[in-house]
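Single-structure report; data block below.
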Amino acid sequence: MYFKKIPVLKVESVNDEYFVLRIRDKELTQNIKPGQFFQIKDPDVAIPLLPRPFGVYDIKEDVLSFLIKKVGESTKNLSILEEGHIIQLLGPLGNGFPVAQNKKVLIASGGIGYAPMPYLEQKLKEAGNEVWFYHGGQSSNDVFCDDVQNCTEDGSCGHAGLVTEHIENCFDSMDVDVVYACGPELMLQALSVLCNERNIPIYVSLERIMACGVGACCGCVIKIKENGKVVYKKVCKDGPVFGGAKVIWDE
Amino acid sequence: MNKCEIKFGKMRWKNPVTVASGTFGLEYAELFDLSQLGALTTKTITPEPKAGNEPQRIIETEAGLLNSIGLQNPGVQEFIKTDLPEYSKIDTNLIVSISASSINEFASLVKKLDTQLGIDAYEINISCPNVENEGIAFGTAPEIVFDLTKKLRETTDRTLIIKLSPNVTSITDIAKHAENAGADGLALINTLYGMAIDVETKRPKLHNIVGGYSGPAIKPVALQNVYKVANAIKIPILAMGGISSVNDALEFIIAGATAIAVGTYNFINPLGTIEIIEGIQEYCISHNISYKKLIGSIQI
Amino acid sequence: MNKCEIKFGKMRWKNPVTVASGTFGLEYAELFDLSQLGALTTKTITPEPKAGNEPQRIIETEAGLLNSIGLQNPGVQEFIKTDLPEYSKIDTNLIVSISASSINEFASLVKKLDTQLGIDAYEINISCPNVENEGIAFGTAPEIVFDLTKKLRETTDRTLIIKLSPNVTSITDIAKHAENAGADGLALINTLYGMAIDVETKRPKLHNIVGGYSGPAIKPVALQNVYKVANAIKIPILAMGGISSVNDALEFIIAGATAIAVGTYNFINPLGTIEIIEGIQEYCISHNISYKKLIGSIQI
Amino acid sequence: MYFKKIPVLKVESVNDEYFVLRIRDKELTQNIKPGQFFQIKDPDVAIPLLPRPFGVYDIKEDVLSFLIKKVGESTKNLSILEEGHIIQLLGPLGNGFPVAQNKKVLIASGGIGYAPMPYLEQKLKEAGNEVWFYHGGQSSNDVFCDDVQNCTEDGSCGHAGLVTEHIENCFDSMDVDVVYACGPELMLQALSVLCNERNIPIYVSLERIMACGVGACCGCVIKIKENGKVVYKKVCKDGPVFGGAKVIWDE
């Protein structure tokens, strides 16, 4: 874990809603597990106070990239940063996805849940896995890459309909050993049910509002089933990746 | 020539900066050498393990943070087994924050911890707003504060710091009772009560409805409390509440604090404590004033 | 089809928005038609003229404002002669805020004002932090609040609003005493105590040392007070404390306020009240809820 | 008095420390007295909360200009605004300078106290006055125009020394009916003493931290001698221009 102030290398707009933020650093790009994240903040901006967590989207040589969706103040502020502006990063944080070896694996993402998946896909392939990648969004705006199976609810790109429906169909035709998922909680919950029914292990990456990001404040807990008991686990430190079967989903 | 050493109760600190209970953990040892701090303060430990409150537990609001952690902690047994040995390795003072639900429970908790080496002080958290029917009641009744402090004073020789709540009519009254009962120092302030509502769902943003409000927004309130209490008592004050810069820390020291604690700002800048330590030293040098003289140097 | 009319004590308001005492004046009539407000609230009037505190009287701090105006006002005589006729021309409710240094002084002040037409309610300011040995003492002792309210209730038939201080251990206790003594409604909160120090001169930034803290920073605290009091009493609440947007206003209403007042935000956006009135109406329409149902609609 | 949200016409840098902010508006440029000011804020910036007061520097047709010195957050924020960015203005506020008719008048400014003076000079000339204009600064950085008598403490431009010293010399050689001054309080106080000794009326424009700017909050008061008594006067409404002889200066 590092805490560093680093100049922005580039902010590239993907479309109205999404952008990619890149920085260059030798240390920060070492030994990062897919699914890990950084706490990022523009130190010149007093309010919002807290940094915001963003998963690692891509690492190429010493360039670290984040795919970010504009949803509120901080993400909007980050989206207009200019090259050279100093931002602070704390990380890498969290447990990250466990990378299977020589298995048949399925990646499922929804919306901005796509962000950590390309890097995961790369690591999975490097580990000899056969990878299917399904991604779902509301419209073509939420689709980032043609090389994956895209589904859009409005049918504007790729398959029409919910990504979970398509995955359910696939389960019948394909032999999946492990599922990796990130996206809206309803999607993760539905996928966990599908996987449970088929006894397929599923790892889901969750989001919670964070303060410290390192496990110190106990602010980001969720409920997890563990040895028959319900316990609180910190999304920032014990997660953000959890076994989908263990998560107690919000009603 | 370190000009900022202090004495706090029976402790000597190499500098006047610690972290506020519940806002810091050994996780940060990965980022910097924690022995650089004047003291470390643990999150509050209770006699039994506490699961804490249901989430949502934190929410950012106007220039501050609302939390309702609910004193999640592993309990004293596990603390002694797992955390204390780690803390003991760090070459600085260790302040263990504790809470309990009765005077006797507090006393036996202190007794248990007194058997352990490596603890320099107890911070008595009688002011946590997040534990129902417990904690806060202690913090608002001067007589109970007196009785509790007296009992603990009889129980331990270690430095005894009473942490006060700002959510009272007269914090000086409570401060005086703690002093008269033998406290070595006071810590203030704990969080203000605060609340936020999501107007779309009409639900409180925290599951616990009400939370503790911390961060820059509460700094003027904390400073006023510290100033008032410093004028009413003689024992040293460990000040906290929104400290987010060297300037903030100096305000509290000039108002009468002997030492300061950084809380919420750790989440914003985990190296903030170190920057503040250096900044205080630089101020003393550039203003040619000893740290001791700086304490309470406010000009009225 | 204006969905946001309310009854507050004996008053009918065309909408639930007024201004906080001391933060608004007839000067703003140049900018908009003041009769658009549900009510106007005057700055606090005292039996004799008050020069107010020595400057420096205001300073901006972390997301808030510290003030120590010290109730500068021309006294009731001059108010009746000069200001009241101007206020009376404006077609909305007039709430006259008053303060005095004893129960009898309060009563004779009300008697004097009761002889005048054009006043719809009195807001009893027993919570100003800027007047020494006066005002605030009233606000912190439940029994005195009861006696004062009872006396004023016997003195006037006009709507009686007691304005409470947040700087107390139990605001609900004081609120209940005011209700039991016959208050028609409560106004909360007045400012928190706050302070700021210039670290170069080591002087307090306000001449008065301590000031009243207002603005966005105090909103979570105010909301929590309003929620707590709303659950403890039946009379209506006029809520204030940091309200700076439609969203802020809605939070207070959902927490249980019947009406809201805009204070510090007037300095930032003098047309803020009007934007908030419109925003509340739009929210009620788009969420298909009557204003009456919105009050206290918090989902626990 | 108006409250308006108006696009920035231009921000022109004068040097590292000073800039000119211009807006264009028909209404706001009507009937403005020299020495009056506006409360200005970028509504997109939450903190600092309060607007900041700035005197009217220049009015040409419907273009209103402010000369601003960067001293803190708000002034720095204003200095980097781009054309078209919406700012809020409240004003004109305050009493302004009383404009003499057909007199011999002296204008004295120090540092950023220069800001309201060119517009005052113009109005004084239009009213048939003979005008001497003395301006002082620390260095050539604080000098804005060659057409006035400039003094710099470091001698880097114009006369060397304090502007008050030069004015004192002038009083001996010239016959001044009225003095108008704006600048650091020590300068205003010194000038008031000089004028008092010579029975010359002097009008000084003062600065105080403001909240409302309109007279509603009583936050900006100073002490003034009035009919033998000391009373509080609001700088925003009763001022910012006061008779120098009546001001009770801070120790």
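In order of appearance the chains are A, B, C and D, and numbering begins at 1 in each one.
Throughout what follows, contacts are C-beta pairs under 8 Å (C-beta built on N, C-alpha and C of every residue); 3 or more make two chains touch, one makes a residue touch a chain.
Everything quoted here is computed from the prediction, not taken from an experiment.
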Distance in touch steps, counted as few as possible, from chain A out to chain D: 1
Averaged-CA centre spacing for the pair chain C and chain A, given as whole angstrom: 48
Rounded Å distance between chain C and chain D, as computed from the means of their C-alpha atoms: 36
Two or more partner chains touched - positions in chain D: 46-47
Residues of chain B touching at least two other chains: 62-64, 216
Chain-level touch network, classified as line, ring, star, complete or other: ring
In contact (per the touch rule at the top): chain pairs: A-B, A-D, B-C, C-D
Partner chain D, residues of chain C touching it in the complex: 22-25, 27-28, 30-31, 43, 51-52, 55-60, 62-65, 67, 69, 72, 215-216, 264, 266-271
Of all residues in chain B, those that touch chain C in their complex: 61-64, 66, 140, 167-169, 192-197, 199, 201-204, 209-210, 213, 216-221, 223-225, 227-228, 242, 247, 250-251, 254-255, 283, 297-300
Partner chain C, residues of chain D touching it in the complex: 1-3, 41, 43, 46-51, 88, 90, 208-223, 231-232, 237
Chain D - residues contacting chain A, complex: 46-47
